[in-house]
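Handing you a structure now.
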């Protein structure tokens, strides 16, 4: 059986700010600049989830993309879309909402569900803007 | 002299919510759904500004795009990027921050400055997401 | 009240062939080349629907994009996505399935529903490939 | 000599359906849904072929992209473009035409030709839609 | 018969510089900045040609896109691709190679050939970069 | 601490030609075709720089993208944008300006600066056109 990677793209639009609660406002402003604006800003985040597994002989699938998409919607998009990432997303509450941390947390939210399909979560890629994105491989 | 349209693309990332202060929270929720989330959400807005004018024989330009870009940055991007469109943008304060209204307001902010270069502001196009955008022609 | 154009992007993936039943197979092959392949080929069609109307003071909307998207899904996407445009789409049956004809027919399918929202259907743009697309203005 | 990866993008538009001949129509419908439509649907497939090799001192090339493009056209595009992947592509005939299987088969078709240029076929990436794609590494 | 616009995208990669021969080098540098670099720079130009005409009942075409593409290749791409726009393109020699002027000249080169197909050249759109483009309507 | 890859996209527009000074003009023409045009051609190059490192607990950053962007601008974009890659870029002078060689040289220019931030330069990806790009991993 051949090992193939399958990638699903999903999107969510959210507000956030970069803010370290252990620092003064001045230090936050110094380190994060306009990204720490106390009135928030936001992004159209674009998420790519890569699943690696063997191609099933009967279906020709590694994973039915409907199942993958539903899983991402349930665990990620429904919780992050049109939300404030700092205030409203339970799994983001203890960390700064940088793209790096968001990608790591998304990976952790998805890992088990994908394992239960008999495949591995290979990586998560997250675009914050067209010029800036991050990749996390677990 | 030939009349040509020149288009400049700029971007800004902002937070907003759709909210009519004359309505109850319930009615806002009913009409605007998740877009009225009181904790905000946000977008990577993409703006296209179209200027129409005659091509200058000496420069081959309708307008130096550096001048157009600087004007858009001064009047729009510097005021909207990494901001909350409902709370922090003076020219948005008296209206609901839909893409329609943002495009109209951006047009009004740019019209005079572009006229002073001897050209006309033809239109403003604003993308809120890859699937939704608006155009305003004055 | 300001007049603004609102554009919604939708997609559908379909099979088709270019074939004029009044012609011999040879003439179809001569005129349409590989596009007349009797075993079909297909495309990821990308559709842009432009609605023009006045911005409502209470909502800031020309049209709620959820309503526009639902209308396009009901009238177009549900009938064309994962279908054979020659065999399975009732409103395409009496014409050759070129991008030109598909765009005209989509316009005709949408016109009344959009008028009933108090707005006008301004135009339909349809991409067959990244290099080829058409626009119809009614 | 430095090892570099060179990527060539090609495209083909084809019809297909997902169908397991060992199953009843009902089971095909249950597993593959609208993708098993007996009248076919289609896609604008986008293919990325990655070749890895050493940079030649005399040419600065890993591989002349004209040679790579010609090879992909001869082995893949000419056989798949404007075709029915289930009925007309010899190397697809014994498998279900999922993106996973198409990518594996394309890799197998290209492997020898690229080896004969003194380089290695690193991977094949195939987009079925803007939201769904697969990667195969041999 | 319905009137439809058909758009074809083509690309060419060329070198150029902005330079007015009636000016001193200092004035060219002052007005055009780095765009007047005497050692040239270059772009991946992207061209969109819009043809407007009636849909033919027998073919479903306004114009066979193969014919349009061949015409653009003969008149434009073959003369501009991998060329120096200032030195090697006959129809650009008497003007500054701004996007505005290139678009006007391309329009003039295509107008007659498209008229001879029984259609009208509606407009030419030319991207110099992802942020800067121009449109000319004749 | 989690290891994450951070990617920054930058762009530069430049002229170049493919030319081996040890060969006759005829041989250059034979091997490189129109890419060896003695009057140059050019491209909108798109560069992706991937930095790998641990996420800092205090900032949530692998690297402040402002620092990465400034480094790329100082070392690469300011030297290559609106330049002739064969004549004006010191670190390109001893090699043929293929995408392969440009990517290798860019990697070498960036490696030390990125190491000094406590991270590793993972890879450089360079698009010459939408169909052709290269990746170098050091």
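Letters A, B, C, D, E and F mark the chains in the order given here, with residues in each chain numbered from 1 onward.
Going forward, contacts are C-beta pairs under 8 Å (C-beta built on N, C-alpha and C of every residue); 3 or more make two chains touch, one makes a residue touch a chain.
In this text, all values refer to a predicted model and were calculated from it rather than measured experimentally.
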{"item": "Longest centre-to-centre distance from chain A, chain (CA-based)", "value": "E"}
{"item": "Interface copy of D-F among A-B, E-F or B-C, judged by whether over half of the contact pairs recur", "value": "B-C"}
{"item": "For chain B placed onto chain C, the superposition rotation in degrees, Cα atoms, nearest 5", "value": "120"}
{"item": "Chain centre separation in whole Å, for chain E relative to chain B (CA means)", "value": "28"}
{"item": "Computed distance of Cα centres, chain E from chain A, in Å", "value": "42"}
{"item": "Junction residues of chain A - those touching two or more other chains", "value": "130"}
{"item": "Chains that touch, pairwise", "value": "A-B, A-D, A-F, B-C, B-E, C-D, C-E, D-F, E-F"}
{"item": "Of chain E, residues touching chain F in the complex", "value": "11, 13-16, 34-35, 37, 39-44, 81-84, 87-88, 129-130"}
{"item": "Touching residues on chain A, where the partner in the complex is chain D", "value": "2-10, 50, 55, 58-62, 64-66, 69"}
{"item": "Chain F contact footprint on chain A (complex, rising order)", "value": "18, 20, 22-23, 31-33, 95-101, 103-104, 130-137"}
